[in-house]
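Order as written gives the chain letters A, B and C; numbering starts at 1 within each chain.
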Amino acid sequence: MAYFTQQLINAITLGAIYGLIAIGYTMVYGIIGMINFAHGEVFMIGAFISLIGFMICSMLGIGSAPVAIVLVLLIAMAFSSVYGWAVERAAYRPLRGSFRLAPLISAIGVSIALQNYVQLVQGARPKPGGQIVSGGFNLFSLDGFDVRVSWLQIIIVLVTIVLMGGFTWLIARTSLGRRQRACEQDMKMAALLGVDVDRTISLTFVLGAALAAVAGTLFLMYYGVIDFFIGFLAGIKAFTAAVLGGIGSLPGAMLGGLLIGVIEVFWAAYFSSEYKDVAAFGILVLVLIFRPTGLLGKPEIEKV
Amino acid sequence: MRDPRLPNMPGTSMLKDAALTALVAAALGIFIVGFRTVDVGSRTGLAFDYHFADLGVAIVVIFLGRLGLSLAAMGLRWPAIALGVAMIAAGASPMKLPSGFLHWFVALGGVLLVIRAVWPWADQAIHAAARTPTGRVVDKIGTEWVGRGLGWVLLGLAVVMPFTPFADQKTMDLGVLILTYVMLGWGLNIVVGLAGLLDLGYVAFYAVGAYAYALLSTQHGLGFWAVLPLAGMFAATFGILLGFPVLRLRGDYLAIVTLGFGEIIRLVIINWYDFTNGPAGIGSIPGPTLFGAVFAETAPAGGQTVSEMLGIPFHGIHRLIFLYYIILLLALVTNIFTQRMRRLPVGRAWEALREDETACKALGINPTNTKLTAFAVGAMFAGFAGSFFAAKQRFISPESFTFIESAIILSIVVLGGMGSQIGVVLAAVLLIGLPEWFRELGNYRMLAFGLAMVLIMVYRPRGLIGHREPSIRLHPVASGGSG
Amino acid sequence: MNGQAAPLIEVEHLTMRFGGLVAIDDVSFIGLPHAITAIIGPNGAGKTTVFNCITGFYKPTVGRLLMRGDREYLLERMLGHEIGQRARVARTFQNIRLFPAMSVLENLLVAQHNKLMVASGYSVFGLLGLRRYRDSEAAAIALARSWLERIDLVAAADRPAGQLPYGAQRRLEIARAMCTEPRLLCLDEPAAGLNPRESSELNQLLVSIRDRDGIGVLLIEHDMSVVMNISDHVVVLDYGRKIAEGAPAAVQRDPAVIRAYLGTDDTGPSDSSPPLGGEAR
């Protein structure tokens, strides 16, 4: 029981990170119906910017961890957003109305290019990030097994909850959210009604990238080490989360993220850690076959 | 002088636009490029190596490049060309830039700018020429030539290559490598180019073929020629097993599932020690034999070497030449098979599915089965190529079957022009051959592949060779009846 | 009209709901062989949804779709492609769906896919280049050619279908549907976007399909001149319900039909029908 609780805590932490990335996939899919393969790389770049940000903070002598974390989060969100924006502007926008596979192929191109760009300028070796927040407390002990919650885990879950709340508010209550939902429903009609579709799509990418950057910061803090390749696996898992939750659905992305976190952690804890990534892929395939609309998604009506 | 239809942008807004682009570039680069993290010792972790000079130069280049593109878009051809030439000169000059890469960056930017500036001009000239009667004939011959003639010329070159003076160890190695990718490209072209299914895990089937040969030969003593068809069958079976559940999904789901499947196969190979020997890989894989004779200096007990059989002195290159002809043959089989399939109902149904799946359903075509055949046939050729790879390398490990390989094959297909056979050859020579000749650029190869995929989708989505010859004609073409 | 023949297709109590939206509400009608049955109605009446149910793109919520051929088929129980393959129902689309990069001839050969697949021994005989396959391919080309003659596109046979002018694409789509050798042809607004000359050529083509090929035609059409000139029987839908049915001249005089078409123009919505915006696009 204690072991189970401990794994559950770990799973929720990991799930929060996947959920944040998954939102970017789900939003972009909702609005323009494409899988943004490069989204995982934006997450990776967010993690790198965070690493560099933390190093700059320590050089500037910012000793307080909360200040450093907030600063780094803001920097990572701001500068990763530029990546999200630039990718959409340069690689996807010119392809609207091109043939079916064009945006997908372009997205894969962007993904490969970004990965290798970071590898070239930052090197291929894993980068240790050091420990920014340490310590924690014992939740309870059972049969000589301590169930621990680290401060870091609390920070990760809190940051995720705050961002999710803010984000849900943004989509439900602001004019940006309304424009976005209008574009999801019918892009042509939205344009006729005076919605600036290009701008709305750009903003969607910017928001998705900002959340992915937060995930990058949290990932760096949680694992303490990153490399140029982390976007690939995390991206696939987050995409799985988005599909599992129901692609296009924001609460679905969060739920899916949590479930993927749970599955991965428990698989590793109870079966084998070698095959934990296989488990994630296996679930993706199973969900797509048996319930392609995911848990919270709406069935898609084929338009003929 | 200027074409009035072109956009007219005042100089200030052009500058503003270029400045904005430079600003975006600065924001993109400031952390990732400006602060390079490097290892120092074990305890202290990381330190910075600052690269602001590189970043500065890159931003200036981007500013000028964007300005040049605006000029070109406005039809101000000469200023744009002058700017491009100046950039090429700066890149080629011995001027001290912070890094060697920047020389390439500046020069390449200049080349692209000049191409962009000259493009409408060249395009116009070609179109004007095509309107004259002689032009029409030339155009027709040109299309025909690319369609048929060029293929034969390339085939002829490929056949005689080993007997030319260039055929040293290095060139033959490169030839085998390029042909392997040509074959893989042709195989993937069935799936992506003809059937329009984006398969991002193609390398998985290559791996199945390679491990099939490696295991059957090292553990059961089967020869290359016996395993070859089996390997194709295994790979095709994997294709069907994977394809059956996922091929009814939307195209982009298929892409990510195949991507996942490619990784699953690799992870299984890494982790299933008993069967695959894990990350250490499998060694001492026997090479292919020629009528039972081996390519080696001394024959195994009861065997015969090829040099003994032919009565020629042993030379290491013989093995390479033999491998070269095997892969040439396999690639040709792939090509001919594909060409025939394209003219059969199933091949036409592949292309029809690529064009419009809904219409296919309305015509009574079973989309899942049709996709499945494309997927299985594509997988089969990857399986053949995989066993060839194992026989050539004599050692395989999971490292050879990463996503990067799938990405390289896909970019060959995309660059060549989806569905074009000759395009794949040109793209393979370009993408595999060039980086081998320019070793120093090797590190930038994948970066360039990624960027190339984007640029092709944006500017030339039909690839280098975009011409599609109908699979059948009601009215035979007047000029050539050889077809 | 051939009154005593058994109906080719019987649509019974067809209902289609999308979530809470009732796109078709208990619609029944029949389509006879050797006859053109027109389905008309204002925008959003659910006409295309009826087609999508018949051709298997939607599974009807309630209802029976009985198609008579070599045997009786219940279309609502069949997969989309089986309806074309076995029940032999062919259709065209409101927004033309050709295979644009493929040549005109190839479009017509793809339509004969199932027949040719069998003849090519599921590609085996074809790969071997056997006589048997070559003969049936020649027969398929002959059929395609005869249709190209009928729609006057022989000269364009080797051009990409996407490069044809609009009217030619419409005709080609009909010819492609006919190359599947259907028993029932469903045409979704075939006259949309045609000029008067093309429209009258289309009328002749449809009449010849009925009289020469002897199959049943279901026709969704807005162009009343087409409907009144060539249809044998007219079904009128409004807000997903059938409001009238009968011979063209009779339907034209039906007060319910006049109200459905003109009522909204003159006096605003006079009846209390629920406002359905729900024609599937």
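The rule is short, and it goes like this: a contact is a pair of C-beta atoms (placed from the backbone, for glycine too) under 8 Å apart; a residue touches a chain by one contact, two chains touch by 3 or more.
Because the structure is predicted, anything quoted here is derived from the model rather than measured.
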item: Longest centre-to-centre distance from chain A, chain (CA-based); value: C
item: By number of C-beta contact pairs, the top two chains; value: A-B
item: Centrality ranking, top chain (CA atoms only); value: B
item: Between chain A and chain B, centroid-to-centroid distance (C-alpha), Å; value: 30
item: Centre-to-centre distance between chain C and chain B (centres being mean Cα positions), rounded to whole Å; value: 43
item: Rounded Å distance, chain A centre to chain C centre (Cα mean); value: 46
item: Contacts with 2+ other chains: residues of chain A; value: 302, 304
item: Sequence positions of chain B contacting 2 or more other chains; value: 358
item: Shared-contact residues (touching 2 or more other chains) in chain C; value: 57, 93
item: Complex contact set, residues of chain B against chain C; value: 337, 340-341, 344-346, 348-349, 351-352, 355-356, 358-367, 373, 468, 470-475
item: Touching residues (chain side chain C, partner chain B) in the complex; value: 55-57, 80-86, 88, 90-91, 93, 97-103, 105-107, 109-114, 116-117, 120, 122-123, 126-127, 141, 144-145, 148, 154-155, 157-158, 160, 176-177, 180
item: In the complex with chain A, residue positions of chain B that touch it; value: 24, 27-28, 30-33, 35-39, 45-46, 48, 51, 192, 196, 198, 200, 245-246, 249, 251-253, 255-257, 259-261, 263-264, 267-268, 270-271, 358, 403-404, 407, 410-411, 414, 418, 443-444, 446-447, 449-454, 457-458, 461
item: In the complex, chain A residues that touch chain B; value: 34-35, 37, 45, 48-49, 51-53, 55-56, 75, 79, 82-83, 85-86, 90-91, 94-95, 98-106, 108-118, 120-123, 125, 127-128, 130, 232, 236, 239-240, 243, 274-275, 277-278, 281-282, 284-285, 288-289, 292, 302, 304
